[in-house]
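Letters A, B, C and D mark the chains in the order given here, with residues in each chain numbered from 1 onward.
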Amino acid sequence: MITKATVIAVIKDIAARIDKDWQYLTELDQVIGDGDHGINMHRGFTAVLQKLPEDRDIGAILKSVGMTLVSTVGGAAGPLYGTAFMKMGVKLAGKEEITREELLEAFDEAVAGIKQRGHAVRGEKTILDALEPALDVLKAGGSWDEAVKAAEDGIEYTKTIIATKGRASYLGERSIGHQDPGATSVTLMLKACADAAK
Amino acid sequence: MITKATVIAVIKDIAARIDKDWQYLTELDQVIGDGDHGINMHRGFTAVLQKLPEDRDIGAILKSVGMTLVSTVGGAAGPLYGTAFMKMGVKLAGKEEITREELLEAFDEAVAGIKQRGHAVRGEKTILDALEPALDVLKAGGSWDEAVKAAEDGIEYTKTIIATKGRASYLGERSIGHQDPGATSVTLMLKACADAAK
Amino acid sequence: MKKLINNPEHVVDEMLNGIAKAHPEYVKRLEGFEILVRANKADKVALVSGGGSGHEPSHGGLVGTGMLDGAVAGAVFTSPTPDQVFEAIKAVDAGKGVLLVIKNYTGDVMNFEMAAEMAEAEGIKVDKVVVNDDVAVKDSLWTVGRRGVAGTVLVHKIAGAYAEAGAELSEVKRIAEKVIANVRTMGMAIEPCTVPAAGKPGFDLKDDEMEMGIGIHGEPGTYRAPLKTANEIADEMLGKILADREFKDVAVLVNGFGGTPVMELYVVNNHVNDVLASKGIKVYKTIVGNYMTSIEMQGCSITLLELDDELKKGLNAKADTIAFRC
Amino acid sequence: MKKLINNPEHVVDEMLNGIAKAHPEYVKRLEGFEILVRANKADKVALVSGGGSGHEPSHGGLVGTGMLDGAVAGAVFTSPTPDQVFEAIKAVDAGKGVLLVIKNYTGDVMNFEMAAEMAEAEGIKVDKVVVNDDVAVKDSLWTVGRRGVAGTVLVHKIAGAYAEAGAELSEVKRIAEKVIANVRTMGMAIEPCTVPAAGKPGFDLKDDEMEMGIGIHGEPGTYRAPLKTANEIADEMLGKILADREFKDVAVLVNGFGGTPVMELYVVNNHVNDVLASKGIKVYKTIVGNYMTSIEMQGCSITLLELDDELKKGLNAKADTIAFRC
């Protein structure tokens, strides 16, 4: 079982990792976007920490994270990550602890939410290119480390393709050779999960 | 006697010297002015060459030079040099050749014209600080080379004083240490006279 | 990074206060939000626009009679969040509905759409148009489509005129969509800009290079080329625009990106006007200036809007805002 | 030097044509001269101003109803020649006399004075005022006195309003002189500008330096200092202005030098407004924008004009020009 304490610890670890790496994320976004991804995520998770309702259930906590992200991140990442966390929160409403299966169902909701909001599919050089392969590994019974590996491969894959969604799409072929900031930030979140699973 | 041919030759030599040194004059003006003195003088003397009425008398030629300078140089130098040449032209109206005395009387008119137009006196870091000492030497019977030497000393002197007229005056004490562009351009004209006198 | 600011984190807040203090007769700031609304609420269909900050005078400078009712300012170059847009919608709605004028960026579209959902849930009538005038970006079913850039100002102007005149929401939307269908823009830069919080420019250009097909968020353009003369650059930009659709009778907007001197914008317009004349395209009206900027970026965009009588009427109508008056 | 131009020698000519082509409803160019005059000559006392180019939208952008009748454009930062000014005077004179609004620079004063002499010789009634609002420069009997900078725009506005309303030459001059007596400006820059024909900047600043007491011709200022925050800079500039005379009820002009983003001008205004409020000085009206520029220089000036009822009336009167409308 995954406890509420673990969920809270993961969220805090994500915030810590973004605090450490936001400049790197921004640099990635300067190359093929508008150079704000790290700034936005950092602003968002700083607010998340301030507003985390630690005494509430897992669903309420995740929903709160999602709403905070929606109302503080802005740009493309705000609605996308915000929707993802909110959808997970709805799925896990009322839970004080969850099974691995419940978590994966919630992840499925998260991916569906991102796709619905962003109208993107895999292969468009977005968050999805790291997130979906990782989820596939987990659903096939793989370990968290293997999932992170799949996400990292996804980041590498984003270097080889033209962006067709998000701001990087305006660059056309010039986007090739550069990794996607969103795929990078979602991998960072998956790493926090993997570490907690150890 | 100074012939019309000599006067024309001197004017052309001045134009040639400005064509050679306009960038230098502009650099001097960038330091304590607005960086256009060379550009302005170059535009002026290029026009002077195009409009020189070589078949007319010395007075008419000098008046034409003055009017061309007034209508093409702009800035402070345009009215000042323009007035100077026009005053000389009026003084030497109708002459096909002139004596040294007549020339010096004309120079006196030029200096008076500059002073009247610019309300400046010696010691304010202007054209006058090179022109007046040179004229004093000539009036005292000195040679053209001595006059040029006096003008050059005048340029050196401008480095030691605060500008109180023209654009350099806005710099206050910061104008000290830098030579005056106008004193430099008038010295260049005096050198052309000196060379012709050889 | 050299800027006349106090702290990158406070730039938007201080700027909005600076605008509200300068022009209380035009706008007021919604307490606690990054939103400027008209000083006096108007009883009509309301127009709300906005986006990341850094495009000043867009959009706050375009709030006023005959143009916008509310402008939402995100962080620099970052689309504002749905709750902010929602507040703006609530503040300006006079019961006749609100039209959102969105520039086509993934983030802007998503955030404004979420706000629209929130407003609809509260019973406010909301509709939206998405401006996508940038011909530098190839439009296709498989991409996010063209960006919204300087042409947005003309959408505000013309749709705003009809809203001011009392048109209902569907009609204001129809007009806005007609402007969007008829407007095309192409931009370029010779110097990049720096997002205050990022601290360094979004791209670097050598002394003899320029960036063509530039957007308005400091991001790189669609291609880099050797710096050319103003006339050659204008030819190249007009070439892209004129290849995209037919123009006969146009409004021209030569828009500076914030750091471009007015002198250069008019040097560009001088040639734009000549080229259009040589092609038999009638110039009905020309607007030159810094309207949709990218902080201190140096460069410009050229916008052509094909006009008909309806659009001309909207263009000529009185506008009285901080940055656009006619 | 990176500029959107074709050839440094043609910049002024092409710019003037670009303005005339963009705004035929406002101005026309006098054939063969570097002069913009109103599209429709007005039967009233005429105002002529001008100076070197590079200050756009001043002065051509301020030609129109309620402001100037003619603007003479010299080479970049070089005062125009007397024959040009003379042509402008002849073109705008409607028999009621012409007021020359001259910025206080040796060159401008001499060239405009020579033009006035030429016009008087032809029987045209001409008078002049010399604007000297720059408190950065010490005024003294023994120097050329203060420079004329951004405050000039307010002279055009207010004297222009009275001329438009039919005041006679002596009255328009009296009003102009009252504005001049009541207006003070201080400027600074964080980046210099480059005169096209010179090809390199007029001064160099390190990344952590600023130039205080800057003029509007790309020349160095009165002192160099470490770069500070916008608020500290505004404090320092206001300090100089407020030390110079008493202010109670003012118009504020936060003027950009051409390369300064609008964002930063409003950040500055935010603090200017606070400081004035804290000192009990009433802000009657605020104007923010690029009005008296130095090509692409980055920086700004702050202008305060002490108002009375007469000046307020002139300030509020309708103005309809390319760059200033109210």
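We take it that contacts are C-beta pairs under 8 Å (C-beta built on N, C-alpha and C of every residue); 3 or more make two chains touch, one makes a residue touch a chain.
Since we're looking at a predicted model, the values are computed, not measured.
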Chains touching both chain B and chain D: none
Between chain D and chain C, distance of the C-alpha-averaged centres to the nearest whole Å: 29
Chain B and chain C: spacing of chain centres that average the CA atoms, whole Å: 54
Chain A and chain C, separation of their C-alpha mean positions in angstrom: 31
Chain pairs in mutual contact under the definition given at the outset: A-C, B-D, C-D
Touch list for chain C against partner chain A, complex: 52, 74-84, 105-107, 110-111, 114, 136-138, 142-144, 147, 195, 197-198, 200, 202-203, 215, 217-220, 222-223
Chain A residues touching chain C - in the complex, by the definition given at the top: 26, 30, 32-36, 39-40, 43, 70-80, 117-118, 164-167, 169-172, 174
Sites on chain D touched by chain C in the complex: 2-7, 11, 14-19, 21-23, 53-54, 56-57, 61, 190-191, 193, 207, 227, 229-231, 233, 252, 254, 258-271, 273-274, 283, 286-290, 293, 295-296, 298-300, 323, 325-326
